[in-house]
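In what follows, structures are represented as structure tokens.
Here chain A shows up in two complexes: once beside chain B, once beside chain C.
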Partner chain A sequence: MTDAELAKASLIFVPLFLLGMMVIPVRAIFRVPLAVVAAFVVSLLLVAGLATGTLTYLVSFSTMAAIYAVLCLGLNSQWGLSGHVNFGVAGFFAIGAFTSALFTTSMPSGALAAYSKQAFGLEMPFLVGVLAAGIVAAIIGFLVAIPVLRLRTDFLAISTLGIAEIIRLIFQNERWLANGPQPLRGIPQPLSCALAQPACSWLPQPIVDWLAPVGPRNYIFLYFAIVSIILAVIYLLLERISRSPWGRVQRAVRDEENSAAMNGKNVTGFRIQTFVIGSFIMGVAGALYAHYTVSIDYSHFNPLFATFIVWVMLMLGGSGNNKGAILGAFAVWAVWTGTAFLIDFATPAMQAISSDLPSRSAYFRWLLVAILLAAIVLFRPQGLIRERKLVSDFLARNTRRKA
Partner chain B sequence: MHDTASGAEAGLLEVRGLAKSFGGLRAIDDCTLSVRKGTITGLIGPNGAGKTTLFNLITGFFQPDAGAVRLDGDDITGLKPNAIFDKGLCRTFQTPREHPTMSVLENLMLVASNQTGEQFWNCWFRSGAVRRQEEEIRAKAMEVLEFVDLTRLADEYAGKLSGGQKKLLELARILMTEPKIVLLDEPGAGINRTLMKRLSENIETLREERGITFLLIEHDMDLVMRLCDPVIVMSEGHKLMEGPPEKVQNDPHVLEAYLGGQYAGAADG
Partner chain C sequence: MSANEATASEAGPAGIPAAGKRRRDIAARLRSRPVFAGILVVILVLFWVAGYASGSSFGELLSLTVWGVMLGGILSLGAMGVTLVYGVLKFPNFAHGALLTIGAYTAYVVAGLLPQGAPLRPFSFGWELIVAMIVALPVVAIVALVVDRILFRRLRGRDASLVLFAMASLAATFFLRSVVYLIWGSDFYFYYPGRANPALHLPFDIRIQADQIFVFALAIALVAATYVLLERTRMGKAMRATANNPDLAQVRGINTERVIAWTWLIAGALAAAGGVMYGLASQLRPEMGFFLLLPIFASAIMGGLGSPVGALVGSIIIGIAEQLSASFINPAYGPAVAFVLMILVLVVLPQGLFGRSGE
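What follows is the complex of A and B.
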């Protein structure tokens, strides 16, 4: 195995280890070594067994799926926990993406300043950008929640859909804010200097030596590791609070609001909390997306691409279950990217039917996703992994100890 | 006839001149009544008399147009339901409002107030305290389940219980707190005789052993006669009369309210 392959394997090791920690069903003490061994073996096998192109494709596929998984966790904390029908996911996703972009890029200077405008460019580190994205999205989420959460079900859906459109149109039209209809470019890639020549000076030399063979063209391997760590942190934090007395109140409010109120719970307060937490997570997802694509504009944040596909993911994975949300994101993103191959495959047949059919093939993909959603709702409304019966994990531990 | 029983001393729950209209309909019309401490007070009246609306006004689900509600001397008019709960007023609903996707046990654990783990940050930073409290609340909930005889259903989804078991669960909810007064909306509706008997025994035990005051709406006159004293009769949004069950049962005004004028005349003569 070459140095480059070993370095790549070590980068894939990170997400595989985290996956192992999440799915291996044994007690924590045994889970760590098992996950280490499993991730080690699988990462080496993947690097050795797959063609370079296939592997790179898989990694970039997984990166985007992981970003969607973060979005899905955000939506799950709103819909799964509290039953908010938020059709404005795209709006908070956009706020996060643009916020992080503005915080981490530099202000355009010289000749470029005439063409590219933005409100500010703070050149902050990546993590500051991600946090800022979450916080700004959470603040906007809070301001939106106060009037909008007086509504329920379809009325809430319509108003949040409207809010997301307003947000998108603001980014489209306000040139001073984030370059208006033109893309905002040059969003930095975190730690990309680790793979560049010369490498960044503050990193320890052994790490630089180890990673250097990967090369800047394969930066996606490093970014996937970063995204998967952030996804894991969000998953753990969210899982902790959703499987707690707090989560219990949320489920009570979701199922039977009046009764929860008459059990002394401040229903409005609890409902706003989940909306704000969900907005924060969606903002973080936006930041991850911005640093992934490097260049963003308003058109990325349309309802199909950033709201409804997330809903399909969550419905398929299992509303109210954080593991389900992550699984759903990967599954639906696989279906979505898979249908692209399917369309390529079917192009000759479509050509035979009508000559302009292939040019409209994009809509067939949406049709397939819509059929998938209808099928889920009809045949498996609880999703692939259903919500757990026992809410409080603090309690589950006690029960197990006693049993 | 007004306020003969309660005029002198202030009751635990005082309703003064309460009014509420829905469009042109005056559902509650200058309603004044009082529930004395330590009683099981019955609230009866024909359909549409405004009994449930009165409950909704007292417990903060509706805002009254006029009037005041006082609980143990505190003005609770217009407070939110959860604030009224914190003042020591508990209610059940006409149709049970259990949380169907949670276990019976957690339905009860939910009710405990001031839980550390209800602030989500405590679940991150003070997990030890949350866990200890969960243990305590769990023990209490199991005790309560024992009392209403639902122990074997503790891990069942609450939505899967029968109608009568749901009523018992509603009653069990009350036991998770220390209420001063409990408002029961038709506790006996739709349950069989045996269960009904157990329910009324439970209510009496709670009054005697824990000094809880009850105000209950009920259409089953057997239950009212056996359990309640005094009984308040409502008609057309206000109190018609109040008295011991035997007196109320034979009062011509009550018959008139229930059955209409011509029968009341017959009863008079």
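What follows is the complex of A and C.
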């Protein structure tokens, strides 16, 4: 095994370990060593067993799926926790992406300034950009929530759809803000200097030596590790708060609004809180996306790519269940990327039907995803993993013992 | 929220602070329909002033207003369908925009098959477009019915929640839109590419195309026909009964499934007409229905969901607001103007201008 392969394996180890921690069903003391061993073995096997191209493809697939998983967690904290029907995911996703881009890029200068306009470029570090993305999205979410959350479910759906459209219109038309219809380019990749030559000076020499063989072309391995850590942090925080008394109040507000109000809970306040938290997470997802694709424009945030598919993911995975949200994101993204191969395969047949059809084959995938959503709604509205109805940790344990 | 506050303070001791009472009085008065209608008029007047201040002439503003009324006619064809479906089935049908798109493209195909006649001056279109539209009406009506049979009827049978209905309609809209993309691609089409369509010169400097007048007249005729159908026929009566109370309607021997089927047929046909009219007024593109969805919902909500007259009035207000706003902000923000007005309605007067209160 070469140095490069070992370094890649060490980068894949991080997400695999986190996955192990999430799925291995034993007590925490045994889970850590088990996850370490499993991740170690699997990462080495993956690097040794798969062709380089396949492995890179798998990693970039997982990166995008993990970004969608963050979006799903954001939507789940609105829909699953409080029952908000937010059809405007794309809007908050876009706000996050553009905010982080503006915070981390540099102001275009010289000849470039004529072609590329943006409101500001602060050259802040990646994490500041991510936090700013979340905070700005949360602020917008809060401003939206005040008038809109008082509406009934159906009106909420229409309004959020409209908000996303308006946010997209703004990014499309306001050239001074984020280069308008032209893409905003040059979004920095976090820690990319670790793989570059010469490496960044503040990193300890052993790490630089260890990672150097990976090379800047395989940056995606490092970014996948970063995204998976952020995904894990958000997942843990959400699991923690939904088990807390606060989470119980949220479920009470969702299921029995009147009784919750009678017990002295500020129903509107609690509903706004989940909406803001969800917006924050969607903003973070937007930031992760911006630093992944490096160049963004308004067309990335259309309702198809950013709202519709996220709902399909959450509905498939199981609303109200964070594990289900992550599972749904990976499953639907696998279906989505898988259909690309399917369509390559079917191109000759399509060519036979009409010569225009192969160039429009991308829409076949939308057709399939639409059918998938319809099928979920009709046949399995609760999703793959049901929400765990949990009144109290102790109560659940007692009933299990009885059963 | 405000209802809670009101009951809480009524139940409390008598010493309500005068300022709070006055504020509540104002809020209550704002929520009455005449006052809200007045507010909408004031907003439109302000739009005029803003347009005048940013350099539009009186004639231009008047033209924009007339165009707004014409756009309102097109919107009303969509809003009628949304409002009928909402009235009977009680869910927002996001697939309605896609029905408009399909209507427009169906008429495009049919018009292409027919021999092209001379334009019926002063209009820019020939008789073949009228035939094409008449063909498109039943086609889209049947598409709407099929979507209902495949998706919504099964959900109704299960007594599914509103969110599932909304999700199903979202699935339907993306399905129909991908079909349009697959068949016609993402290019723009015109019913009559390159045909001159000069504006008529009317008094007061109003410049308007004869087509626009035709579009509006047709829209009014169709809306009036729907109104007569709802108010004067047996099926209309059954529809209103089902909208009011489906269980009671069933008890009284009304076949609610048949009523629902007719609702979809009417909504689909109106959407087809709306799509053709919009295609004639601008151009055909796969996203046209989605762009119209927001103004259509805004119109239906402003008029009061379930009220056909309200849909027409709401559409005209939204149409005028969208067109007038183009005189002082970027015209691309037309949907945003419609949206802001919709939020205003939802917050202040959720039952709309003509809707039944106390829902």
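As a working rule, the second predicted complex is superposed on the first by the 390 of 403 C-alpha atoms of A that agree within 3 Å, B and C clash if a C-alpha of one lies under 4 Å from a C-alpha of the other, contacts with A are read in each partner's own complex, and residues count from 1 in each chain.
As a convention for this text, contacts are C-beta pairs under 8 Å (C-beta built on N, C-alpha and C of every residue); 3 or more make two chains touch, one makes a residue touch a chain.
Nothing here was measured: the structure is a model prediction, and the numbers come from that model.
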Check your understanding: Thinking of the overlay built on chain A, is A:N86 touched by chain B (first), by chain C (second), by both, or by neither?
Key -> neither
Check your understanding: Counting only touches as set out at the top, which of chain B and chain C does A:S228 meet: first, second, both, neither?
Key -> neither
**Study point:** Partner chain(s) touched by A:T63 [first = chain B, second = chain C, both, neither]
**Key:** neither
**Study point:** Which partner, chain B or chain C, touches more chain A residues
**Key:** C
Practice item. Identify the partner contact of A:N218: answer first if only chain B is touched, second if only chain C is, both if each is, neither if none is. Key: neither
Point to revise | Partner chain(s) touched by A:R248 [first = chain B, second = chain C, both, neither] | key: first
Exercise for review: May I ask you to decide whether A:N173 touches chain B, chain C, both, or neither, giving the answer as first, second, both or neither?
Suggested key: second
**Study point:** Doubly contacted residues of chain A, that is, touched by chain B and again by chain C
**Key:** 261
Review point. How about chain A: which of its residues touch chain B in the complex?
Key: 237, 240-241, 244-246, 248-249, 251-252, 255-256, 258-267, 273, 277, 387, 389-392, 394-395, 397-398
Exercise for review: Would you pull the chain B residues touching chain A in the complex into a rising list?
Suggested key: 59-61, 80-82, 85-86, 90-91, 93, 97-103, 106, 109-111, 113, 115-120, 123-124, 127, 130-131, 133-135, 138, 155, 157, 173, 177
Revision key, fill the gap. Residue set of chain C touching chain A in the complex reads 1, 4, 91-92, 94, 150-151, 154-155, 160, 162-164, 166-168, 170-172, 174-175, 177-179, 181-182, 185-186, 290, 293-294, 297, 301, 330, 332-333, 335-336, 339, 342-343, 346-347, 350
Check your understanding: For chain A, which residues count as touching chain C in their complex?
Key -> 85, 87, 147-148, 150-155, 157-159, 161-163, 165-166, 169, 172-173, 261, 268, 303-304, 308, 311, 315, 356-357, 359-360, 363-364, 366-367, 369-371, 373-374, 377-378, 381
